[in-house]
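Sharing a structure below in C-alpha cells format, with a few things to ask.
Order of writing sets the labels: A, B, C and D. Residues in every chain begin at 1.
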Amino acid sequence: MTKTEFRSTMTVELIDHMGSDESIARSARVSSGTSGTEEQNVGLLRMLMRDRHGSPFESVTYQFRIECPIFVAREFFRHRIASYNEVSGRYKVLAPVFYVPDPDRPLMQIGKPGAYRFEPGDNVQKAVTVRAHIRAAETAWDYYETLLASGVAREVARNVLPVSLYTSFYVTLNLRSLFNFLSLRWAHEDSKVPTFPLKEIEAVAKDMDRLAREVCPVAFEHFDNHGRVAP
Amino acid sequence: MTKTEFRSTMTVELIDHMGSDESIARSARVSSGTSGTEEQNVGLLRMLMRDRHGSPFESVTYQFRIECPIFVAREFFRHRIASYNEVSGRYKVLAPVFYVPDPDRPLMQIGKPGAYRFEPGDNVQKAVTVRAHIRAAETAWDYYETLLASGVAREVARNVLPVSLYTSFYVTLNLRSLFNFLSLRWAHEDSKVPTFPLKEIEAVAKDMDRLAREVCPVAFEHFDNHGRVAP
Amino acid sequence: MTKTEFRSTMTVELIDHMGSDESIARSARVSSGTSGTEEQNVGLLRMLMRDRHGSPFESVTYQFRIECPIFVAREFFRHRIASYNEVSGRYKVLAPVFYVPDPDRPLMQIGKPGAYRFEPGDNVQKAVTVRAHIRAAETAWDYYETLLASGVAREVARNVLPVSLYTSFYVTLNLRSLFNFLSLRWAHEDSKVPTFPLKEIEAVAKDMDRLAREVCPVAFEHFDNHGRVAP
Amino acid sequence: MTKTEFRSTMTVELIDHMGSDESIARSARVSSGTSGTEEQNVGLLRMLMRDRHGSPFESVTYQFRIECPIFVAREFFRHRIASYNEVSGRYKVLAPVFYVPDPDRPLMQIGKPGAYRFEPGDNVQKAVTVRAHIRAAETAWDYYETLLASGVAREVARNVLPVSLYTSFYVTLNLRSLFNFLSLRWAHEDSKVPTFPLKEIEAVAKDMDRLAREVCPVAFEHFDNHGRVAP
C-alpha cells in the first residue's frame, strides 16, 4: 500500500499576471481622455474604489496554482468569474495526500448560522479529530488501491475518497473578481461587511492577497481603506 | 449509529421555468421588427440554431433541484453560467446517503484520455466495487458521528466523508447554458462533437433534457437536428 | 419624407418573470435543510441581504422590453450579467422616433466628474436644446431616407443617424443583477453608495424597480433598507 | 467651428497580454498530472481544440485599445465575457472624428437576413454615401458645438451626434472569448459555420487576430484548422 501523507497547509503560487496600478489608471482615464502623474493615479484609484467604478480593476489579471483539500476547492469553484483547470480523478491516479487540522484549528462551533464563534477545543477533541482524519483517509485510500488493483476504472474508484483529499488547480481571474473573493473569504480586521469564512479557505485567501498585492499595491491599499468591499 | 442509505439514482426536479418557444421567437424577431405565425416560428428557430444566433435562447430560464453525489456536483458546478444554492456541511448535519454503482455501471476503462471505452466488468469487480463503496461510506460515517458526538464542529467533522455522499442543490440557468451543459454531459447519438461524460452526470443530463424539453419542444427538436451543439 | 416623431419618455414592460420571495427563501434554505413560515422568510431575506448572501436572489428572473434612445441602451448594455436582443439597423428599416429632452430635464452640469450637480438651465438653453435635437434628427433622417432611396444598404445608411434615435430590446436578467443595475442607475434617496446616473437611464431604472418589486416585495423592501447595495 | 475629420480605418493596439501556448498546455496538463515537450504540446492543443476542452484557453488574456465608430462598438460590447472601459461623452468633450466608408466598402445588400450578399455599388451610390456621411456629421457637430457654447451639459449635447462618430475603448478578454468573437465577426475562408459580420467590425477582428496570434501561434493554428469555432 502506498504511504499516505498528511498536511495542514495550503499551497498558493502566483504563476503569471498582467497589468499594474498604472493599467487600472490608464483604463479609467480613457473615459475622460486625460493622463496623470503617478501621484494623481493614487487619487484616481481611491476615487474608483470609493465610487464603485469597478471595471478598470478588470484590467489586471492573475493566474495562480492552488493545492488544497477538495472541501476548500468546492467553495472556491463557486466563484464563477474565474477560469479553472483541475486535477481529474478520471484521467489520473490520485496522490494519497490528505488534510488533517493543525493544533491551532478551532474545533468548537458556538452560536447560530450567520453568527458562529469558534473556540479551540480541548485535548480530547483534538486527539479525536486528528485520529478520525487519519483513519478515515487511510481506510479510504486502502479501498481506492484495492479497486484500482482489481482493474476498476479510476473514475469509479475515486468515489470512496474523502473530501479531505488534496486537489490542485490553476485559477485565472481578474483583480475585481479577486477583490470579491477576498471580501468573502477572509474575515479581515478592515472588512466593513461581516463574513464567516471557513478557516482553510481563509488561509488560501491570505496567500493570494499577499502575492497579488505586489502587482498593484495602490489598488490593494485602497481596497483595505474602503472596507475591503469589491468595487 | 444512524443507519446509512445507499442509492444509485439521481434526482432531478423541475421547480420553475420562464418562457417558451414563443419567447425565443419573440426575442429574435425584435431585431427585424417582424411577427410570425407558429409555423413560421418553427423555421425561425431552426435558422437561429443553424446560424448560432444564441442569444434568443437565453429568454427561457429554468430552476431545477438536483440530488446527486458530491463527485457529480463537482463537475456540475464547473458550469459557470448558472446560479447555485447547495446544502452546506457547515450549517447542517448531513444525511447518511451514499452512492453505490448499480450493476449496469460499466467498471472497466480502456484506452487513453479523450478516447476511453468502457466495459461492464466481471462479477469479482462488481462485488469489490459495491463492497468498497459501502464499507468506505460506513467507516467514514462512523467517524463523522464520533466527531459530532465529541462536540467537534460540523465543518471539521465533514472532512472525513467521501465524495460518494449525496448532496442537493438548486440550479437556475437559461436554455442556452443548458444546451451547452447537455452537449458536454450527454454522449447522445445525435451529438456531432464527441464527448465522454461521466455516466452519473449523464444520468442527470438525461433527466434535465426530458423535463426542459416540455417547456420548448421546438427548440429542443432543432438542437437534436443540429448535432446537439449549443448555439 | 417620413414624418419624424419626438419623445421624452422611456417604455419599460415586464414581459415575463420566474420566482418570488418564496423562491429566494427556498433556495437559501437548501443550505441548512430547514423550512420556514412566511414570517420567518421575511427575517431570512433580511439576513441574506445584510450578510451579502447574494446567490439565492438569482432564483428570480425577469424579461423586460425596453424602448429608449441609443445613448441609454449603450449604458444599459454595459451590464453583462443579462441577456439582450435588440432591433438591428442591418435587418430592418428603422423608425424615425427620436429623443428630445422634456422641459424638466436639467441642462447645466456643474462641478467635476464624480461630483456633478445639475441645474435646470434657462429658457434660451431650453430652446437651443430642443431645436438642436429636432433639427439634427430631421437632417439625419433625411440623409438616411436618401441613402435607402438610392439603394444603399440599411447597415450603411444608418451610420448617419444620431444616438438620440430610439431603439428597443428585450433584456432577461436575474434579481441579483437587477439589484446591481438599480444600485448604479438610480440615485435613490436610500442609496448608501453615491451614484450619478444619467437622468434618462434613471427613468428606465425607476420603471424596472416598480414592476420588478411586485414579484418579490419582501426582497425589494430589504434592498431599500440596506442602502440599495446589491447583495 | 472645430474642423471635422473623416476616417475609414479602425485602430487596434495590443496593450498587454498574459500567457502563451505553453500556459495553455500547462493548464490542461494539470488534469492528468503529466508534463510534455514542446512538440507534445502541439498535439495536446490540437486535441483540446478538437474535443472542445475550452477552459485551458482561458489561461491567456489580452488587453487591446480600439478606435472605431459607435456603430461598431455597439456590436463589440454585446460580447459579455470581456471587460470594457470607454470614452464617456458625459465626462469629456468629444473629438470630431467620424467614419466615412472607403471606396471599397460594398454598398448594396442583396437577399434576405441570414443570407445577404453584398455588391460594390455604382458611382452615384458611392458619391451619395460619402456626401451623406460628411454632411450629416458636420451638421451634427455644428449642433454639438452650439449646445456646448450655450452652456448645455456634455451629456445632453452629445445626443445629436451620429453613430458614425469614433469612440475608443480598452477591452480585456481571454483567448477563449476572443476565439468566440473571431468566429462570429470574421467570415474567414476557414470558417466552418457561416457568419455575416458587418465589414467594419470584421476589420477590427482581423487586426485582433493578427496581433493575438503572435502570443500563442499554435493555438491559433489549430483554431484555423478546426473551422474557427471557439472550443
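Please note the rule applied: contacts are C-beta pairs under 8 Å (C-beta built on N, C-alpha and C of every residue); 3 or more make two chains touch, one makes a residue touch a chain.
Note that this is a predicted model, so its numbers are computed, not measured.
Contact with both subunit C and subunit D is made by A, B. Counting the residue numbers used at the interface between subunit A and subunit D, over half appear in both copies, so the two copies meet with largely the same residues.
Separating the CA-averaged centres of subunit B and subunit C is a span of 34 Å. One finds 25 Å separating the Cα centroids of subunit A and subunit B. Within subunit D, residues 32, 55, 78, 84, 91, 113 each touch two or more of the remaining chains. In the complex of the two chains, the subunit A residues touching subunit C come out as 32, 47, 51-52, 55, 78, 113-114, 184, 193-195.
Looking at the complex, you find that subunit C touches subunit B at residues 15-19, 23, 26-28, 30-33, 55-56, 58-59, 61, 63, 65, 83-88, 91-92, 168-170, 172, 174. If you check the complex, the residues on subunit B that touch subunit A are 69-71, 74, 77-78, 80-81, 84, 89-91, 99, 101, 105-109, 113, 118, 121, 124-125, 128-129, 132-133, 135-137, 139-140, 143-144, 146-147, 150-164, 198.
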